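Should a chain be cited, it is by its letter among A, B and C, assigned in written order, with residues numbered from 1 in that chain.
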Amino acid sequence: MNVYKRLESLGIALTEPAIPAASYVPFVRSGDLVFLSGHLAKKDSKILVGRLGNGITTAQGAQVARAIAVDLLGTLHAAIGDLNLLSRIVKLTSMVNSTAEFSEQHLVANGASDLLAEVFANRGVHARSAFGVAQLPLGACVEIELIVETRPA
Amino acid sequence: MNVYKRLESLGIALTEPAIPAASYVPFVRSGDLVFLSGHLAKKDSKILVGRLGNGITTAQGAQVARAIAVDLLGTLHAAIGDLNLLSRIVKLTSMVNSTAEFSEQHLVANGASDLLAEVFANRGVHARSAFGVAQLPLGACVEIELIVETRPA
Amino acid sequence: MNVYKRLESLGIALTEPAIPAASYVPFVRSGDLVFLSGHLAKKDSKILVGRLGNGITTAQGAQVARAIAVDLLGTLHAAIGDLNLLSRIVKLTSMVNSTAEFSEQHLVANGASDLLAEVFANRGVHARSAFGVAQLPLGACVEIELIVETRPA
């Protein structure tokens, strides 16, 4: 199935990647791999500040991770030009701003993993690590980075 | 030397990789590289819960890391089919559930690094990062991920 | 421009990579990619101990990150033999030893990102993740790892 039709049926609209205000970029391609920068939790272009285990529930965290995955798709579209050329989501790394007690980083990350599987089916199923960090840039509650594989146009 | 004979001489029995209960998998292959998901500390298939610097010693942590490396070998065997085709352990990342005071993440990680060198000799010597995290999925004390390189069968 | 002339004009002298006292190495090459181990903050070969948000300012952290980037260049020179063969800094990951309140990991990481762009121009602009960790090996305040792409000699 065409990935853009799939996105439409899921009600997902892609957005342009934010341009970092520094000496780095949202993605770099090397051979068949594309490395995506860590994308921070946002709503209406504003950072979603907070910490899991302290006022943000696991279910809310999973929704945040799903929204980051949508932002990552926007960056992937900009990187590849045509999402139908994506051959595999290779690796997802999920960094969750966590209290010392919060231990459901994997359930938060599922929000992103599930979306990628919905959009790309088997090609969206990936290797993954999730862990709790002490703090994130601008106080964001979640940060996710990706490595994907593409095939020639 | 045949890797399986080497494992036997070290008294190491491989186990099947655990199948994640989510939209991700234990490994993804891309070209000559295989990316392994973060593997959590376990004993008898149960998560080893705890935090370095608070009741778990560095020596115990290194033993835990060694056991995770054995689990990673089980996943690698499932990924490659024949561990003799592994041409290099490329990169190991070790996330250690740490108090604010515990600063021996490198000595914990050595438990995994040393095992890989014992099993694969020069091909097992890798690039590495180790750091202390605020918390891990299910409260695990250590999580380790790998990137390896293989050659064609 | 020749990278070594550029380093000279920036007043940067490369140093030999430190040899880890364990079963890992400062870098591993796989195809066109070189994976560099996490490099710890150092001054005069001694670890720079501390935590951002507790006595180390963001500006100081950025200077530390810049110095780590210089160490990474020394390792890259040892890895590639000729830095002019580097075709792209692909991915930088910056782990910042952070209090629960410190949320300027991105500004710390800029110290390294900016140096790489100064030295390599467009080829130095990379994908990046930065996050706050609970603690680092030997109490270091910052750790940075790299993935770079090279072309044949």
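What we mean here is this: a residue touches a chain if its C-beta (ideal position, glycine included) is under 8 Å from a C-beta of that chain, and two chains touch if they have at least 3 such contacts.
All values reported here derive from a predicted model rather than from experimental measurement.
A rotation of 120 degrees, rounded to the nearest 5, superposes the Cα atoms of chain A on chain C.
Under half of the residue numbers at the interface between copies chain B and chain C are found on both sides, making the touching surfaces mostly different. Centre-to-centre separation between chain B and chain C, using Cα means, comes to 25 Å.
Chain B has residues 31, 133-134 in contact with two or more other chains.
Note for the complex: chain A touches chain B at residues 31-33, 88-92, 98-106, 110, 113-114, 116-117, 124-134, 147, 149. The touching residues of chain A, when paired with chain C in their complex, are 20, 22-28, 30-31, 35-38, 51, 93, 95, 133-139, 143, 145.
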